[in-house]
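Each chain gets a letter, A, B, C and D, in the order it is written, and its residues are counted from 1.
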Amino acid sequence: MSFDPKALRAEFPLLMLAQPPLHYLDNAATSQIHRSALKAMSDHDMFQRANIMRGTHRLAEAATAAYEDARARAAHFLNAATPDEVVFTSGATAALNLVAHSFGDTLRPGDEVMLSLAEHHSNLVPWQLLRERRGIVLRFLPLTADGRIDLAALADMLTPRCRLIALTHCSNVTGAITDVATVVAAAHGVGARVLLDGAQQVQHGPVDVQGLDIDFYAFSGHKCYGPNGIGVLWARGEVLAAMPPFLGGGGMVGEVTPEGSTFARPPQRFEAGTPAIAQAVGLGAVLAWLSMLPWRAIRAHENELLRRLLAGLRGRSDIRILGPVDLDARQPVVSFDIAGLHPHDVCQVLDRHGVALRGGHHCAQPLIRHFGLDGANRASIAMYTTQADIDALLDGLNDVVAVLR
Amino acid sequence: MNVELYQQAIKDLARAGHGSGRLSAASASTRLDNPLCGDRITLDVRLADGKIIAIGHDTRGCLLCRAAASWLAAEVPGSSPVQFAAAHRELLALLQGAATTPAIRTSLLPFSPVREHKSRHGCVLLPFETLRRALTEAAAN
Amino acid sequence: MSFDPKALRAEFPLLMLAQPPLHYLDNAATSQIHRSALKAMSDHDMFQRANIMRGTHRLAEAATAAYEDARARAAHFLNAATPDEVVFTSGATAALNLVAHSFGDTLRPGDEVMLSLAEHHSNLVPWQLLRERRGIVLRFLPLTADGRIDLAALADMLTPRCRLIALTHCSNVTGAITDVATVVAAAHGVGARVLLDGAQQVQHGPVDVQGLDIDFYAFSGHKCYGPNGIGVLWARGEVLAAMPPFLGGGGMVGEVTPEGSTFARPPQRFEAGTPAIAQAVGLGAVLAWLSMLPWRAIRAHENELLRRLLAGLRGRSDIRILGPVDLDARQPVVSFDIAGLHPHDVCQVLDRHGVALRGGHHCAQPLIRHFGLDGANRASIAMYTTQADIDALLDGLNDVVAVLR
Amino acid sequence: MNVELYQQAIKDLARAGHGSGRLSAASASTRLDNPLCGDRITLDVRLADGKIIAIGHDTRGCLLCRAAASWLAAEVPGSSPVQFAAAHRELLALLQGAATTPAIRTSLLPFSPVREHKSRHGCVLLPFETLRRALTEAAAN
């Protein structure tokens, strides 16, 4: 199947409308939104907006069907066994906190959760808060020199007290993809569950949670061409069924009396209150669209740009690329340091060239510190990125040095 | 399709309230809620010689739910659990469709307009699901 | 200032587009969305979509400014002392859970939280879960015969162990408005904080949290003509400052190391992860619009319809109205029971007449049970409701009885 | 307005790094972070006879932040806390506007293009805010 990134750009209104033209390379922070999501959301709000679940009037029926259809689309995108394994949340962070509270409440003092030093704060701070609440022990997988999670250390660090290994599927700083099979094999050896933070992976294609043989998967809509304010927690049915509720409110209960309440089955048990209905419908539309794309061609396109970018950066003696420089097992996210120049200043000057990059610690302070830095510049490529975007960045870097030095 | 949901047959079934009230000496009793709409049924089943011989129930629910419970008490006694399972399958096929559609017994046909109203499927299915669970429990005893 | 509800309907796309015409009386579940929110969200997604806070490129600057502007608009709508007292959440339920966890974590075993039997599950279940976590005591204010919160009982039930009184500002079943001044005076007497669940109040006009002299206020966007997936927790600055974080993740931290983290000041401390940026911007647009409306005229319009509805229902011997029937201190939300007819059947038949009502326990089981029922029919009026809507309902009820009896 | 943010004067200030390094015998020391961007400054101030006589700091931050810290160490010693407060007010007025705009001293003018970049206000203000807190602390001792 052929893939034409230029034609694709027409499906992203912001890219088309931006004046002056925009070289958007901040996709790891938020991707631009695909028109299918915009249309699905505005259609929903204009033709079928209602609260879901308990309503019998025609709008409520339509809204409920659309919401559950979105759940089915998410299940399909992840190859989940059933839609009931899909919990809608307000984003990846909310999904990770749900696990840290609900699954976390089943842990005992001394139980261990294994993380890595490459985690985004959203897969780190919730576990620190759990440690304070329940006296669990956190262990951190170390990093290789180029910033990959060092799985060689796993065997030595795993103990029978480990109940969960929670790792990023793909680093938001280095783009490194975690070797899931190795993690899962080790986890099975001690009976630990495996959680993957997929926030930086799903924008590069559908995921097979059954094939990966994991227990939890979390991601956000806004990073995979979908809406703000919506995300997914997938969990294996038996795991979800054993989890106590987290947030309380309408829609997640059975019988409620002042003395106590009973709780609905998953996924409703974990969706307290009116959910982000329109946004779920928008995400469903995007996931259905993503499920049909020619991913081999997209991957080739993204890799070609990645190669061009890495080559351009490697050609400069004042630039240090963080993370793996080979093309294997990585996504097109590239962080780099320019000697003596602060990322905020770098990004500010690039902005004048219409190049949007992000500078800072990228919510991954331990990883950034591993590189001996306080912050870094990050260019992240999406399926709609073009050679012109990469070239504008590389050109802009010459001006950056001229302006700032 | 705009077939009347509240056909006379459905109203009659609900009003008749076959099996209303709890059974003494039940082989199994099960309570089930539909948390989404608050319908609730407590159902007793008495078995003898591998046959369902009586059904009693206390049903708080809408007309469709009460009609379904009443249908069970009127139609099922005398059948085996396997025969009930066939009726349950037919109802599911009637509401949701099925890959291979079984022939659906006439007495269930008044429920067919519910098919168009997805939010009401649970109302009709709740009593059937409750009986299914009660039978599973009875088998385990 | 004049107010023309018919002209106003043109500003709600769904009402204009509905075919066949719709008599939407399910506003307490979800109101229809105003075009200002739709436009603000689609403009945001088409012209300034980016992640906020840490970005220096032009989209990130614009998105951050828009998000903070929305916060200022919410502060204005609530008459908050500063925008820093406004925390965006995914909705009222999330806001109430935030308080139950974060403020709740400062409570000790034996401390008391006072609720009422009229609460929505979203202001009940979170406190039950807190009771299980921390051994606090819940007390429930009883109800008067017509379902109002019986504040006469307050003095006797309040003890010095009471740390919080958390009540609905307006009941989602009866429309009864809580007498806040009495509650606040009593709370001050024992040093308790006061939380109001404003989910059913804000759609009827701006609120003055400083004038009410309360400590917490929660509401959802989707019930006040705004987007799904967004809500507000307002809390007094000093209260917020003393609250520990709830959800962990990006954006709410200072320094993060494996050993531990420091936390940002409010409101950021309570906004972990990428927030619902577009939805906040949409809500901000709606709140700015609401802040300018002629509320005296709207209130007169809503009350006229309420009177018509109550009169029509009172004329029928088979109908019992739940809750206060006077027009004082109530919003235009009317629940009623039709002897022998289940609300789902009633609402199903009304749907054929294009009348959208909600039937069920309305996530307020203790209150519904107070009336000796399992469920009720609810008609809820919005500013765009017309006489034709009320008449269609009253006509429809004749058919309901004909079809179902 | 498209005035150059990174004027020579700003770059010179940052590069000069006035006051770089910690002070011994400080009257007060304060550390402040900008959690949103990770900038961090630890600042020491020495007071004598009601005057600020020296400022030292360890600043990790962007060019704008370093220029502001450098400005403080170059310009403030010799002034009283009240005089510093006036400079702080002028900077705020320069960046955010003010109801009654004070006359703004020439040495602060190179920071004026920052006004158009709201996300960078915190960078320039951080060292000023740190000194303000250090002075408050010193006054409390």
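Rule of thumb we're sticking to: contacts are C-beta pairs under 8 Å (C-beta built on N, C-alpha and C of every residue); 3 or more make two chains touch, one makes a residue touch a chain.
All figures in this text were calculated on a predicted structure; none of them were measured in a lab.
The fewest steps needed to get from subunit B to subunit D, moving only between touching chains, is 2.
For subunit A, the chain with the farthest CA centroid is B.
Between the CA-based centres of subunit C and subunit D the separation comes to 45 Å, rounded to the whole angstrom. Here the CA centre of subunit A is 31 Å from the CA centre of subunit C.
Between subunit A and subunit D, the centres computed from C-alpha atoms are 38 Å apart. Those residues of subunit D in touch with two or more other chains are numbered 37, 117, 120. For subunit C, residues touching at least two other chains, in rising order: 54-56, 60, 253, 255, 344, 348, 360, 365.
Residue ranges on subunit D touching subunit C, taken from their complex, read 33, 35-37, 117-120. Subunit A makes touch with subunit D in their complex at residues 342-345, 348-349, 360-361, 365, 374-375, 403-404.
The part of subunit C that touches subunit A in the complex is made up of residues 13-14, 17-18, 22, 24, 26, 29-30, 32-33, 38, 41-42, 45-47, 49-51, 54-60, 90-94, 96-97, 100, 117, 120-122, 124-129, 138, 140, 220, 222, 227-230, 245, 247-253, 255-258, 260-261, 272-279, 344, 347-348, 350-351, 355-360, 363, 365-366, 369.
Those residues of subunit B that touch subunit C in the complex are listed here as 4-6, 11, 37-38, 40, 60-64, 117, 120, 123. Touching subunit B in their complex are the following residues of subunit A: 53-56, 60-61, 64-65, 253-255, 262, 264, 268.
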